[in-house]
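We call the chains A, B, C, D, E, F, G and H, going by the order they appear; numbering starts again at 1 in every chain.
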Amino acid sequence: MKKVFGRTKGLTERAFHYCPGCTHGIIHRILAEALEELDLIENAIGVAPVGCAGFCEVYFSCDMIGAAHGRAIAVGTGAKRARPENTVFTYQGDGDAGAIGLAETISAAARGENITSIFVNNSIYGMTGGQMAPTTLPGQKTSTSPFGRDPEVAGHPIDLPLLLSHVEGSAYIASVSVDTPKNVLAAKKALKKGFQTQMEGKGFSFISILSTCPTNWGMSPAKAIKWLQDNMQTHFTMGELKVKE
Amino acid sequence: MKKVFGRTKGLTERAFHYCPGCTHGIIHRILAEALEELDLIENAIGVAPVGCAGFCEVYFSCDMIGAAHGRAIAVGTGAKRARPENTVFTYQGDGDAGAIGLAETISAAARGENITSIFVNNSIYGMTGGQMAPTTLPGQKTSTSPFGRDPEVAGHPIDLPLLLSHVEGSAYIASVSVDTPKNVLAAKKALKKGFQTQMEGKGFSFISILSTCPTNWGMSPAKAIKWLQDNMQTHFTMGELKVKE
Amino acid sequence: MEEKMVFAGFGGQGVLFMGKLLAHAGMLAGKNVTWIPSYGPEMRGGTANCSVIISDNRIGSPTVDEPTIAVVMNGASFDKFVDKVKPDGDLFVNSSIVDRTTDRNDINIIKINANDLAYDNFQTSKLANVIVLGHLLAKKNILNKEIIFKAIDEMVGEKRPEMVEINKRAIELGMSV
Amino acid sequence: MEEKMVFAGFGGQGVLFMGKLLAHAGMLAGKNVTWIPSYGPEMRGGTANCSVIISDNRIGSPTVDEPTIAVVMNGASFDKFVDKVKPDGDLFVNSSIVDRTTDRNDINIIKINANDLAYDNFQTSKLANVIVLGHLLAKKNILNKEIIFKAIDEMVGEKRPEMVEINKRAIELGMSV
Amino acid sequence: MTKMLMKGNEAIAEAAIRSGCKLFFGYPITPSTEIPEYMSKKLKEVGGTFLQAESEVAAINMVYGASATGVRVMTASSSPGYSLKQEGLSYLAAVELPAVIVDIMRAGPGLGGLGPTQADYFQITKGGGHGDYHPIVLAPATVQEMVDLTMEAFDLADEYRTPVVIAADGILGQMMEPVEFPKGSSKDLPHKDWAATGAKGREKVNVSNYCLTNEIGERNCLHLQKKHEYIKPRVQRWKSYKTEDAEFIIVAFGTSGRISETAVDLARKEGIKLGLIRPITLWPFPEKAFEGILDQVKGFMSVELSTGQMIEDVRLVVNGKVPVKFFGKQGGMTPAPEEIVTSFKAQFGLE
Amino acid sequence: MTKMLMKGNEAIAEAAIRSGCKLFFGYPITPSTEIPEYMSKKLKEVGGTFLQAESEVAAINMVYGASATGVRVMTASSSPGYSLKQEGLSYLAAVELPAVIVDIMRAGPGLGGLGPTQADYFQITKGGGHGDYHPIVLAPATVQEMVDLTMEAFDLADEYRTPVVIAADGILGQMMEPVEFPKGSSKDLPHKDWAATGAKGREKVNVSNYCLTNEIGERNCLHLQKKHEYIKPRVQRWKSYKTEDAEFIIVAFGTSGRISETAVDLARKEGIKLGLIRPITLWPFPEKAFEGILDQVKGFMSVELSTGQMIEDVRLVVNGKVPVKFFGKQGGMTPAPEEIVTSFKAQFGLE
Amino acid sequence: MGKVVVQQELCKGCGLCVEACPKNLLVIGKDANSKGYYAVVQKDEEEKCNGCSLCAIMCPDVALEVYR
Amino acid sequence: MGKVVVQQELCKGCGLCVEACPKNLLVIGKDANSKGYYAVVQKDEEEKCNGCSLCAIMCPDVALEVYR
């Protein structure tokens, strides 16, 4: 029998530290596969965030830089401007890129910064134990919205890919999900398209990926996927929102 | 003969320090008139930016707070949450609210923060002597884009009102100009509508006003107005972009 | 009297609760107490532990480097703490799960098959922690049953009154074995 | 030799340029020189000034609190600096614009109707600053004409070569009146 | 009063609410997150508002805005987040706005780790932001002190119109101890007539410190300096432990102060006359604690969770009269009391 | 070499370019703005890139990213902007990234004014950010020194893998003086094998300092501490002026150092044996300058544009042996040399 | 039947009112005010001024009062 | 004609592969791995497995290898 599915070279040997069923892991794998398939492992420079994925720097086989919370895109900008011949990507959570780093995200899009930004939206601050994120849904309970997010007080979730699609300078904006095998494959395709956008010098690419946080949502991994489908996929704009030719 | 036009009570006696022909002055006047006409002079709390208008705190007759560069909206948020019964507004330049304070601006809009934000877009950093702003137009020469803004390197101008109109939580978004008497009156109307939006508790109101900077554009005041009409009005989305019922 | 204790185990085993309950009871008994959880990234899918000090005197250092009593609910915790226990100290081992041994003979190892007991008596392994705590109380005489029951009333009663009785029974079970 | 000078005037009067030209010439003459502009919010539609020190010795403090020579191109600058000039110092006054007087008789006041001279000779008031500078050089003997001309060649010649000659003529005019 | 078993972070939050704190703006960061979490649950009950800001920069400026309207307000963070607040802190100090800022320190520099540390001492006490300013800095060593000092912090802030920082670490923030809540103070505090509340029936106010000329800038700075000088002798706080007959003295605050207390007991058991000065105000540094004692002791040792920062203030007070030694742990580690004693004996040749 | 008349800010920018600086990220702020302006004009000519960032926070993190790839990079700002960079500076130090950061100080705290000041001394030298770290800090006093020290800064940064700060003020930044540009150094600097350049033909690298355990945290901190100890004796720089026979010594850096030089001359004219130590490295503080001198002098006076910050370092070196006095100006004001002499005589009873 | 009063000390001579007046009634004056600006003056054609205030609406320095 | 190899030490027993397998061939096992997780096992029905890899695609811990 032939191996039809095995570990990509884009990943190091290290086992993930993520909680059981956390889809950060799926996203890591498809991102690493994209790097391998586009022959970027020896060219790419990745930027790790602060968040549950802060430790992703040890998982990807390419060179990695660890950024301060919210600053991955600024760090990525510095790296790309220093070495335009390298493919630069950031891997960030919703709090990282959508709250503390929001100015950096939108400004980079406006600059048409030629980097690829991966946005893992699990509608919560995973790392710090489940606080409200800019993407937390109305009514969603978190440790800092204990009675459910009240838009009157805490505001509305930010639909970051939608917003970025309205920024001149953004080149490829997609909003995908890793809830089913089919969607996982589509998400991987979007990642590759993001990298290709960069390699063709077209400008800022941004792939938002809906992800689960079974631990802080207080659900089993399978239930978390269902919750994502029923609540997040219906709330956030999905699909390819912008494709610059 | 009856006085048909005189100095509004919304302004103190202090003479403006602005350069001759700088339309910050027109905007000050109509904002102060709006305060007077809506009987807000004794109720409003204004927040001054850092920028050419940093000194506006001495011109308006209402209580004022001086914020750090880019933080007027955060400061206004603090004030409004502390005293919801007061009408809170910010007065900010394009650099202030569109670059260093971009995260604050968009996050406040998403929160539906019930304040009124006045955005004076003169496509340049006036105060510091004419550097590129997030709103500087492609090809426009500034002291940090000496060969003209090159979107390939320095990125595209941000159309902030347009962006904010796509943020759930924003209630009233208008983009106006003070280039002609008619437009000045329309701008004043927009300001009043912004305040009314707040008084009715509808959420975030944002009035972008195109303004001139004769000094740093290196033009006569009249020529600057013409340049604004020919270049800025054609580039930025104008009109009422969002009116929440 | 001064006991410096560590409670360690797997994420869902309720080790933080064990320590809190004991500290709470210590407070009710008028003792000085401190409770410190481990915190940080290692919590993500890893082990959890807390340190508890109960003392008649003011507690200076609140950290526990050499526990006088350690409770280990799983293998990883056994490995982590077996060498740290103070000579003459006690190591309580949840023997339903931990099958490790040690060469040390300067400490007392007290085994209790808490998961089995919990499952046999309450049809859930969830109460294993409370059973171990009962056992510890019986062996070490730190605090009496009444004060622990009062702590259960206050801590559990507030949020989940229906769980008060079963927790008390688990304490008693632990004490009795 | 050490002269501590202030050049002050209205925004468009070219006072920063006057100072720079002199400092540049001083450098060419092998002297130690410093030039400091006023900067800050007061510049917005207000007055501008700069301080220049030319010295045979190392320049310690680069700020000029008591100028040995002050040049005032408009009324506001006259008011600001008239009391600061060092006793026995010189105050050059653009009398085309300034009609103020002072009680001080421990300083030399040198008037020159620079705007009129500029307008009469070059049909623009723009060269008033250079004329005053020429006058200052003639009166104070800080640097010779050749070195100023060389400075003009270098500073003006680089960006606006067509303006070199007229600037030199303005210097000469200032020297001659 | 019944005792409650409470985490240090929660105790700070509860104490703030009981002190009349009506607003909290913050951004989560381990190990301080229980403070915003507690506030999000409880502030509503007293008619207050909790708001999670988009960043620490926004949070400190929201604090600035709320304080400018005269309302009691707090924020909390940990080291990297505290760094981001530096510009805002400088503004608060400059405009003389009362506010309480909590720094539950974690191991830096950079991302570092989450373990306890005291390595933010410099940035907290000497002004990590630009310009000459010092917030009042309070360093609790027990959960009860976290309650008491938080309550005092709000009063000090209002009394002196100044930001007050509570400096603790992850151990203190995460630790549970029994606490009692005293009744809030009823100190007679100055009326906030400077606050922006709407100009009804009075002159308008400007809450700001824009200095258009150097002369105004100088005036403002001199005013601040005077205030600092006024505060200095008035708010020094510390705890002395067995210093009366001490021949040697450890100086240590917060967690290391607590651990050093045990170290003192250990040394005393060996017959060494060791004592402890535990600074409770880090700024102003409690110089008074050293008065009279300097002639009696043979040496000091500063014990810190850092490479040695407070030791500079100790040395400035001691001014060369006797040796000042140092023992520290870094990166999230804490010393055992025994280690402190061992190092102490070695450094002073007492083996 | 011909001399050029140049503004301090422009001289820094030109020196950076000649040092092989290929990237500049910054945000305008008076009185440092000529640096980004110059860079926006000239960096292109050498194949470099100028980028105006959306904020100082973004700028310092862009610097971090660029430096992490091994390229020479610089940013510049003034006090409030420098405050915003504190978290980033702490990260740069922690990850040991070379970079040059310029702070053209202006009067704080808060918005303050634009006048010259040295009141960022604490935040620059002792770490305005979290954790134990010190950048190397260079303080020029002339435009020529701005050139020389900028060039040295890039070498020091690479040699020691550390951020280097150039601390000056508005007077120095705005002032024109004649300068010469020496040929860039050809120092043999370590190869940047730690940089992220793409993992071609080698192991992948991680440029970061995430400490999952306190033990790793401790290791990293100890490593940094060792580096600091290594740097300390090696890079101290200062200028002594008429100290050989001095009975009294002024300690002053930058602008106040320059003004004090004139003050020394004035005092000497009156027969007072005054000298000047002008620290050029503010961190490490030039303790060596005081070696041998301490027995000879009767007193020191620190002259600063602040309420007195460097004086703490002076006192720490002098360690109580002789009195250390202070004279300062604040809020953007500068002292006349005469004022310094007058204050000096008054404080040392030499009237 | 209209009239414009110029607050000489407020006017900066920017000329925006001059551009705005449909009747071309305003000109930059010949005398500098105390700040050195050449303030605007209304030509002596009071009859023509209708007090429409367009000039005042465009004045950035609130230097004009209009009577009708 | 397919087969799945589970890297026992990588598996966390999350069950996402169990849900994903259209043939219902995977179950959570009874033995904890060294980390304490109950790793998944493939039911002994090799014939039914078609090597479609859907299980592996959904595995967050890259614990599955698929052969065909």
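By our rule, a contact is a pair of C-beta atoms (placed from the backbone, for glycine too) under 8 Å apart; a residue touches a chain by one contact, two chains touch by 3 or more.
If you're wondering where the values come from, they're calculated on a predicted model, not measured in any experiment.
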> Steps needed, at minimum, to get from subunit A to subunit F via touching chains?
Replying inline: 1
> If you walk from chain to touching chain, how few steps can bring you from subunit B to subunit E?
Replying inline: 1
> So which one's got more C-beta contacts, A-E or C-E?
Replying inline: C-E
> Hey, how far is the Cα centre of subunit A from the one of subunit B, in Å?
Replying inline: 34
> Counting in whole Å, what is the centre-to-centre distance of subunit B and subunit C, each centre being its mean C-alpha position?
Replying inline: 61
> Quick one: subunit C and subunit F, Cα centre-to-centre, how many Å?
Replying inline: 54
>> Quick check: what residues of subunit F touch more than one other chain, meaning two or more?
In response: 30, 49, 51, 54-55, 57, 80, 87, 91, 95, 110-111, 113, 115, 208-210, 212-213
>> Could you pull out the residues of subunit D that touch at least 2 other chains?
In response: 40-41, 45
> Which subunit H residues reach two or more other chains?
Replying inline: 12
>> With touch defined as at the start, can you tell me which subunit F residues reach subunit D in the complex?
In response: 3, 5, 30-31, 113-115, 170-171, 174-178, 255, 258-263, 265, 334, 336-337
>> Taking the touch rule as given, give the residues of subunit F at its contact with subunit B in the complex, in rising order.
In response: 27-30, 33, 36-37, 40-41, 49-52, 54-56, 80, 110-111
> Along subunit H, where are the residues that touch subunit A in the complex?
Replying inline: 1-3, 9-10, 12-16, 19-20, 37, 51, 53-54, 56-62, 64-68
> Which positions of subunit E touch subunit B when the two form their complex?
Replying inline: 22-23, 25, 49, 51, 53-55, 57-59, 61-71, 73, 87-88, 91, 95, 196-201, 204-210, 212
>> Give the list of subunit F residues in touch with subunit E in this complex.
In response: 57, 79-80, 82-84, 86-87, 90-95, 105, 107-113, 115, 117, 119-120, 122-123, 126-133, 208-222, 224-225, 228, 306-307, 309, 312, 315-316, 318-321, 329-333
